[in-house]
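Multiple structures are listed underneath, in structure tokens.
Next, two complexes with chain A in common: one pairs it with chain B, the other with chain C.
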Partner chain A sequence: MSAAPRPRLYENDRVMKWLLIGPLVFFLLAFMVYPTLYSLYMSFTDYVMKGAPGFVGLDNYRWVLSDEAFWAALGRTIYVLFWCIAIELVLGMALALLLNREFPGQGIVRGLCFIPLLVSPLSMSLMWNYILHIQFGVVNTVLGWLGLSAVPFLSTPSLALNTIIFITVWQWLPFSIFVLLAGLKGMPRDQFEAAQIDGASPIRVFFRLTLPLLKPLIIIIILLRVMWLMRLFDPLYGTTRGGLNTELLDWMIYRVSFVFFDIGQGAAYALFALYLTLIVGALLFKQLIKAMDGR
Partner chain B sequence: MRKALFWLAVGLMVFVFVFPVLWIYVTALKAPDDIFSDNPFIFTPTLENFDYLINVRPAFGELLNSMIMSVCSTIIVMLISLPAAYSFARFNTGNGHILFITISTRMFPGVVAAIPFFLLFRTLGLLDTHLGLVLLYTYFNMSFATFLLYGFFREIPESLEHAAMLDGYDRITILRRIVFPLIKPGVAITTMFCLIWSWNEFLFAFLFTRRVARTVSVGQSTFWGSVEIQWGPMAALMCIAVLPTLIAAWIMQRHVVRGLTFGAVKG
Partner chain C sequence: MLSPRLKRILAISAVAAVAGAGQVAAKDDFTLDDIPEIENKEPIHVALEAGGAADLIIPYLQKFSEATGVPVTSESMVFATIYSKEVVELQGRTGAYDVVVTETSWTNEWRDYLYPLNELAEKYDPEGVAGLQAVVDGIDPGLLRMASTRDGVLVGVPYYTYTMISIYREDLFNDAGEQAAFKEKYGYDLAPAREWQQLLDQAAFFTRKEGEELRGEVLDHDFYGVSMMAGRFPHVQDELAAMIWSKGANWASPVREDGKLVGFEITDKDRETLEWAFTLYQDLMKYAPPGSENAFWDFATAQFVEGNTAIIPLMYNGLWNWASSVADEVPGARAAAAPVVGERPYTGAFHFAPSRDSGNPEAAYWLLKYIGSYATQKEMIEGGWAGTNADVLGEPDKTVETNYAAYGWIPPTLVQWEAQAPDVDDYLHFNSSAFGKIYEQMTIIGHENATGATTPAESVEAWEKAFDRLQGKFGELPVN
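On to the complex of A and B.
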């Protein structure tokens, strides 16, 4: 052997690497490319679940642009997106800092905090619906005992959407806490000791040292939460069912496609929502890769 | 003083997180009259609601369906995602583009996929079948599983494999003896997430099943009738449905922290 002995199977790596992602690519094609193209086709038709789809050109899209309900749903989705992520990051950071120490019973506390993340979103929204019910909900009962008037959490348009945000934050806050906690635990100690010796105030240390080190994780949280929040459906089904000014994008597409059976129109909405998420997602993903490699 | 404040904050946090889940169990033990009573804390516990789920409106089939679909789809997901994640992590296959496309499936609003699949499944006769929902859950979990595993594979230093190769081990042996033992915790966490998300999934189950393949999530929603909501039996079914996830939360909290950072932080 004259050349350095190359590892045996490494010569086949070019084949191997594609072989390994073969099944994934197949599933992606079948489950992503096909539905997207099919939706695209449907969005140019007036298909209503029966009969033959008739070609209507850009009519569905023209309707999307002029439809106030669609823009309202989009606005509400962005509102939910913003407030959920903002609250989850700030509160998650505070609670991660709180839990970032050794204390007796820490395993139990963490285990209990992890619960909301794993229990079924539908079950929990139904349960919150019961807990926050205006007449026999436990929260309003206790408020009544305290001499306060009942709060219509899920029965008035001005509050319902905020209550849904609350339920969503309740469910997903542990995600931010645990991710940020992992980041805090993995911090290089020497830099903090140096800062302490220099007499930097805790606030300064947090903004100058802790926060920049957590940046990749914060971007991960934002990326994943944007993706998950765009498809918020269960909390609506368990509470207002799209009524009381709480209709979000996913719910609207569901209503148009599966309640009114206006598949063509629904597909046009859906594709609109899809492009929007893809653009936001691509931007965030780029940031993420940059932040992860820039370590 | 500081200590008292700390415990107050921790106590409040735990209370807010746990109370609604606790309330499921409390509600499940209430008789219909107690559910609407003026004092929600005082009642005589009864198993009436569970009896309802066994004898009046059996829920066993729904639980079984959910179990079958979670397990089957998770197995398929792992078979697809493990090799793919390895390929992404080791060879940077597709220069990140395919990885992004994979992750972006998670961005699809659920209903975007639902429309074409509904029409396709109707043609193929897959509506309200186990196979149909297993395929959808595979699609649903595949991307996130790949992303999670990708993070875990990235944590295994490549030099380890090179060294083993120079020692004359072949690829299969290396994968089996070196890579797999190191990736095992990652596989465990990913499996757990896939199982739980399939178990909890509602939208697809709601749109694609009616009677035969109805899952436990859809089962819960059936108690919301056109006239009234049957909170008691609903809570009883909930507390059974939530139980496996509670156990999982307990097992996972120790290990999950590393997994959730996708290799961006060395835990």
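On to the complex of A and C.
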């Protein structure tokens, strides 16, 4: 009687499973879990890049909670987050609906709409800094030709943060447009034809049919934008550098961690931001699952 | 008719020139040919500031490399990045850089990571410490203290300075009509300001609307009295420091026992002067062009060159070259330089310092000596950049008349260095080992005050809190 052939390595499900998932698990442990846990450890220390870290318990977190600059930065971050997402969704939807129609040169227009996403965020912030400059910028030069007063887009506290929002929206609007456009393109035609036959108005079709069908994509846009906007940094680097009441949470974390090198304190700020993002992310993710299940 | 002020500058310049001429005989005669065979041929890596200064220094690094056979590589970083990058590499003891460029205000923080130069001289220089001293003697002592000396130990050689000077439109100040109008309004002669109130008067006087006249010509745009650098950049702190120091006060004063520095204290005089300086800054902002709230040196100088401002009261001397080109941009315009009010400006410098973790401190030492030497500095200064060798700067041919664009900054710089030298030992900037961090916080406080986000009183309060915390956390000496 001949012995049964030994299964080859790739035929062993258990081995194969770990072989395939192994690199990813290693990557996650080495570059995500370990740094996060190390940051958590650091947030309980007074480490300032000199000597050994000393345990300080919850002191760094107490400081975060009592720090007016932190709350101000968080408030600004939420303000930016709200307006960026609101504008990107409303404007993105309008433009996606427009681009969903057939018209001559649509390929070129769609290509042009995509360009802002391809520009490096840092170059983009420097570019807008010059374009919007009160004295030498092209926008104010044109306003001058039209007989209008120059606008201090990036040199007055009352406007600077809104200008940061504008720059951010300019860059990220195409993301919303194209995600929503992909959703519109993939919609089932029969339901829309039925609505048309029933005499539903375009507004009713939009609110009763288009919007509900796009809900999962809208939640994905919000989820991703919340995560990205909590880390908004580049538009500040090339423009105000956090001045004129524009310091956002990520800039503050950078300043404390990599200018002051107050690593313990910086870790506490960063983890606080992470907790907030995780809470909001978890809530949105729950909504996404519901929306995908058609609930 | 020369003003008494101008006469004094010319007199001091003449003295400096004569002294410089005297020193020429005593100057070091060190050149590349005097470097002995460097045994260690390991490449050295140099950290540099990106931009004009870096571009100018790179050819000298190449010359050194060719002459010694030691490969030299360099890494240029924008100013905002250098500090962070060097903290990581120096304090992390990575040895990534053999020679680092440091700003005057950072040296104290990093002294534990930099080689005392005398140690290297004793080890590698056949002439010993005397060989190094001959080079160092050419550099202004005050500048040497600020940039490179900590607790009496020399840890680097400054090679490029950005001492603040005042730059003004000489054509406006010399215009008979403007002079008469100014005298009628303020009751004294129009001349480079010696008091801050005079500067405020001049700022207000020259601020004019489109359609009004300036120098007898109708303006086709708004014109402003002063260029300021109120953005959230280090320069706003530098401007405030010049105001505070001019009054014999400090951001925080040193506390000494038996001549030894034992801590810092914000005295009542400091507190009063700080509030006065914050108020003065806000007052000057009324006469600065729109956009100054987010400006640094490029905007401030550009305003002047474009013919939009009359005075840059506090500007780095390295910018003179550009500022003086107002003569090419505005018909009939001409720039002149004067000491800043109070003659105690922020005096910055980049200096080269050898890292304690360098794999080739021998080559690092010789590179420093070469860059700081009389011959190299002379070449650099005559090439139009703001070198640090006072012997060269004091030479009789370094006058506005011989080379307006290249040398216009020199006379006021020398006057200020001399005036400021006795005070520099008391400046917080060059005594606190936490100053890299404190500098950043001063910038934020200064900017918020300048933009009106905080009142002068609130700014003082914010400074006291911040200093207490930062010095306590990062510094070695206590706040009393």
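As a convention for this text, the second predicted complex is superposed on the first by the 273 of 295 C-alpha atoms of A that agree within 3 Å, B and C clash if a C-alpha of one lies under 4 Å from a C-alpha of the other, contacts with A are read in each partner's own complex, and residues count from 1 in each chain.
Criterion: a residue touches a chain if its C-beta (ideal position, glycine included) is under 8 Å from a C-beta of that chain, and two chains touch if they have at least 3 such contacts.
In this text the structure is predicted, and so the values were computed from the model without any measurement.
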Touching partner for A:V48 - first (chain B), second (chain C), both, neither: second
Partner chain(s) touched by A:F136 [first = chain B, second = chain C, both, neither]: both
Which of chain B and chain C A:S155 touches, first, second, both or neither: second
First (chain B), second (chain C), both or neither touched by A:G243: second
First, second, both or neither for A:F260, with chain B first and chain C second: second
Which partner, chain B or chain C, touches more chain A residues: B
Chain B and chain C footprints on chain A, overlapping residues: 135-136, 258
Residues of chain A that touch chain C when the two form their complex: 46, 48-50, 133-136, 150, 152, 154-157, 160, 239-245, 255, 258-262
Residue ranges of chain C in contact with chain A within the complex: 80, 83-84, 87-88, 91-92, 231-233, 289-295, 299, 302-303, 306, 308, 437, 440, 444, 447-448, 451-453, 470, 473-474
Contact footprint of chain B on chain A as seen in their complex: 5, 7-10, 13, 16-21, 23-25, 27-28, 31-32, 34-36, 38-39, 42, 95, 98-99, 103, 107, 109-124, 126-128, 130-131, 135-136, 138, 141, 170, 173-175, 178-179, 181-183, 185-186, 216-217, 220, 226-228, 230-231, 233-234, 237-238, 249-250, 253-254, 257-258, 263, 266-267, 270-271, 273-274, 277-278, 281-282, 285, 289, 291-292, 295
Complex contacts: residues of chain B adjacent to chain A: 6, 9-10, 13-14, 16-18, 20-21, 23-24, 27, 35-40, 79-81, 83-84, 86-88, 90-91, 93-94, 96, 98, 100-120, 135, 138-139, 142, 146, 162, 165-166, 170-171, 196, 199-200, 202-203, 206-207, 217, 220-221, 224, 229, 231, 234-235, 238, 241-242, 245-246, 248-250, 252-254, 256-258, 260-267
